[in-house]
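Next come two complexes, and both contain chain A; in the first it sits with chain B, in the second with chain C.
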Partner chain A sequence: METELTKSTFSCKLGILSRPDGSAILSKDNTTVIAGIYGPIEVKLQKLLIDKASVECHYRPKSGLPGIEDRMHESIIRNTCEASLVASLHPRTAVLVAIQELQNSGQLISCAVNAVCLACLHAGIDMKFMFGAVTCFSNGVEMSLNPPAQTHIKAVFVFVFDSTEKRVIASHTKGIFTKEQFEEAVELCRSGSDQVFDYYKKVLTN
Partner chain B sequence: MSVRKTLISNCEKKFLIKNLSEWTRLDGRAFDEFREIQISFGKDWGSCHVSLGKTSVLAQVSCEIQQPKTSRPSEGVLNLNIELNPLAAPHFDTGRQSDVGVQLNRLLEKCLKDSKALDLESLCIKMNEKVWSIRVDLNVLNYEGNILDCASIAALSALAHFKRPDVTSDGEEFVIHSIEQRDPIPLVLHHYPVCVTYAVFNGGEFILADPSLVEEEVSDAFLSVGLNAYKELCGLHLGGKAELSTDLILSTTTKAANRAVLVVREIKEAIEKDAEKRLKSKECFNMEHLFNDLAAMNLEKYIDPWAGDGKRKKKKSKEKKQEEVTTKMDVEEVVQVANIENLGEGTAALIPINEKDGSKIWEISDEDDDDVDDEIVVVEVPKPVVDLRDVATDSEEEAVIILNADKKTNKKKKYKTKK
Partner chain C sequence: MSDGYKTLHPVKYYREFLSQGIRPDGREFNTFRPILLNVGSINTADGSAIAKVGNTTVVCGIKAELCKPKPDAPDCGFVVPNLELPPLCSAKFRPGPPSDQAQVLTQLIAEIITNSNCIDLRDLCIVRDKLAWCLFVDFVCLDFDGAVVDAAVVSLLGALKTVKLPLVEYDPALESTQVFLEEKKPIKLHSMPVSTTFAVFEDKIILKDPTLEEETLCSGVFTIVLKDDELCCVHKPGGSPLAPEELVKCIDESKLRTPLISSLIATTLKS
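Showing the complex of A and B:
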């Protein structure tokens, strides 16, 4: 199931862990993440929702205790999953999403989101659509989907798209940029998301 | 209320015990057979992934400079932190540590920290002011039984693999050199202790090595032994409710010692291989090996043995015979004495070697150990063990024995019983 796209360096393997219902390891450009999904499972009383399943997300950094940035990753992934999963099918249950960082060389958020989507697909949990995250870099003048060699990066954008209509589900930005640059970045990432969804298909059909 | 862990039903329990009485295990292993270890290293120094069968643990060592403890002004600090990630099992909670987590942490500390495996004095930069603090983060990725063994191997391999940045000082200022400026420095390990766990059934009737998840749940008690490659005891823990006889503990510990030697050899080989790989290609690591290792994990040997046909069984029995032969051989070469090998320029290494004569390393005796090198202290454990049995009758208590196996300070032999 290990495939490599010609242009990007994705590699992935599904079902690497035996305990979770669905699991995936995804590596892109030396950033590696393991994601696992349990669900629907028993819910904690304080998180019980009577009309739908509650989505819990746990993100673990490689070393040290989870900090503020890790909590932010958690919230991005949780919001994305809440949008994508058909939670109303399983009221009074929980879906547990656990992510473990293995190696970080940048673009961690998009790698984690994509790994979670692959884990969801492997778990066979009901989804309204697939989601794919793309990172884009700006040096103030030009935009690129690949990290530029020089370190003159002015802004980093991460967008998560759905697979059906290519709408933006989540966005996360860092740095200084204009409104036009933001819009340009959305369009660039949208076109880049095709590659991600193609990769999903390749992984699943192999 | 939190997510409860899956319980083992009575029929599963009975089935397992019945199988044991027919000398078979659910996964087809022999009683003293361990699952396969796979060690792989990541791109960063001190990043290590270890899988023991399907159980897998990720270890990452990190370092920072801090003030030393006032009681030990010239020693660095070692912290071990095991995290039961909800990825491994849904009932593992983040946030505060569970009882299991605390126990695992303590057992690992006993094995690695209290046995003084890491040379803390070499981590001192300036007395009373600055020392290195080494932190080992262990993340359990998949829980299929026997986390302790897997975590101890992961922690030890990560420590052996880790390199800290070099620090120089001109008396006033300290400069931390980046990896590009100066070669990083590996940690100094005096010896390599690992934990070996056995599960005890029916009050000592069956003793299984490396229990799987179901076996762990059904077992009465478990015996964890911390040992290094010189077969020195670095910690012993008997938890649960079983009254083990002295002989049984001794024979199990001897078996564990043989296992420890093999494990340590495997760790050292893995580290050597990694060093070679790094020398050959300075390209970045893609954790490609991890993919391969994990792929190998799903191979047929881990398929439910009941799904197998007759052919498989035959093969199994053959394997088992071979296994018996190998274990017998292991028993024969029990006494292992370390040799001192000169590496030139004022350095030497203690190399454990196999010797064929002699049968046991731990015996209730006060014989002279003529055939043993002077460098090695043979640890005698009769007294503590007797005490241990007394304690073990009470299920609520746990016995802890720490034998200081330091080679130079022979007299420093102590043990304590903790409640």
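Showing the complex of A and C:
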């Protein structure tokens, strides 16, 4: 079982765009995503909430228009941000999260979620906790945090954890698995998330 | 009096009920709402069903069309689900292009169908690289009262069980197809996915099978889909964080629903 995320494959740069309040480009393996945060900004009347800021998320695939799969990514990212950002500090405003996919060779959701968290940290927006996503692969017998070389994968798990108590904020799965495998995957990703949070720290302190 | 209190302080109203271990509709935290299923309700469709989970009502209709398989999967047919949330089902939805929520639910149902492998796409192929069935699975929500995915999955199973496809003959020399409408055959269902939705109230209390009111007041909703003893989807799109042990406990809870749903479908098909 591989429990070590190959750290060297992460690379990130903060503040690469000038217009957003916070932006980050993150690439892991060959998957690259740019995320930008605007907020708090003026809100459309339709989406105005009187007790908190509303979070909007726009996801752009690398080519063409966003499809229904991208809508699902958007909903995961939006709900994760809603849980993490202290929205009640800015009532009657909006926080806009924009994500542009540049390259996709797997683990896209976790790369996008991590890029959004780095952009939030760069924007300096108030957060209750940081969030980090980890993808884990199962071939029915073994679990691995890195995509296995052989193509036979039975299930893929994506978990988003919070940085304080390491609880599950979001979970998305593909394929068939047993309850025991699910528990194993959560534990493995939970330990893998430490490396993601360590990486955030490294990026911010450098 | 209590109606006014509920309108003014909905969260407080719920908190007071839940602190007594009961929900405002009289259910306990881990009680399901009753499920109703009616199959073969639409004559013009190839297969159809109506499912009601409490007040939530979803109609599922399946229409089969002949088409050409994709070159990269020459021995596979297609299953195209689509969930519609018309303005009739809730005040939240307006007429026009499908809302974000409808698109997310459609994608979730599509993932449940592929992950659970309930239909083998190879069964839908008639002649390799030439002819295959495309099943358009359309869902219309008539009453949007929480846990729509659960109702949609039940109606999907009911509709799939009633699908009958006519016999098709293909002449490769003339490239012509002949459809025998008199000879119809059901399709094989390889597994029975059963979905259960949960809602988390104020980071602590987990409510099973929530109503719309509960879903909007709660800080997170998640869906677990089981296929026999295995899982095929644990979908939690954000919301308040949960300890992994609690998720596992919910998986155990959702296992209780599988026998209920399979016996429901069996009795509905018999009568």
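Operating definition for what follows: the second predicted complex is superposed on the first by the 198 of 206 C-alpha atoms of A that agree within 3 Å, B and C clash if a C-alpha of one lies under 4 Å from a C-alpha of the other, contacts with A are read in each partner's own complex, and residues count from 1 in each chain.
Criterion: contacts are C-beta pairs under 8 Å (C-beta built on N, C-alpha and C of every residue); 3 or more make two chains touch, one makes a residue touch a chain.
None of the values given here were measured: they were computed from a predicted structure.
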| item | value |
| --- | --- |
| Joint occupancy of chain A by chain B and chain C, clash or fit | fit |
| Partner chain in contact with A:169 - chain B first, chain C second, else both or neither | second |
| Which of chain B and chain C A:201 touches, first, second, both or neither | neither |
| First, second, both or neither for A:47, with chain B first and chain C second | neither |
| Contacts of A:98 with chain B and chain C, given as first, second, both or neither | first |
| First, second, both or neither for A:36, with chain B first and chain C second | first |
| Contacts of A:60 with chain B and chain C, given as first, second, both or neither | first |
| Lowest inter-chain C-alpha distance for chain C and chain B in the superposed arrangement, angstrom | 9 |
| On chain A, the residue positions that both chain B and chain C contact, one per complex | none |
| Residues on chain A engaged by chain B in the complex (per definition of touch) | 2, 9, 11, 13, 15-20, 23, 25, 27, 30, 32, 34, 36, 38, 41-45, 58, 60, 62-64, 66, 94, 96, 98-100, 102-103, 105 |
| Footprint of chain C on chain A - complex, ascending | 68-69, 71-72, 74-83, 160-162, 165, 167-179, 182-183, 186-187, 190 |
| Chain A-touching residues of chain B, taken from the complex the two chains share | 1-4, 42-44, 47, 49, 54, 56, 58, 60-62, 83, 85-90, 94, 135, 137, 139, 141-144, 284-288, 290-291, 294-295, 297-298 |
| Complex interface listing, chain C residues touching chain A | 100, 103-104, 106-108, 110-111, 115-117, 219-220, 222, 227, 229-244, 247-248, 251-252 |
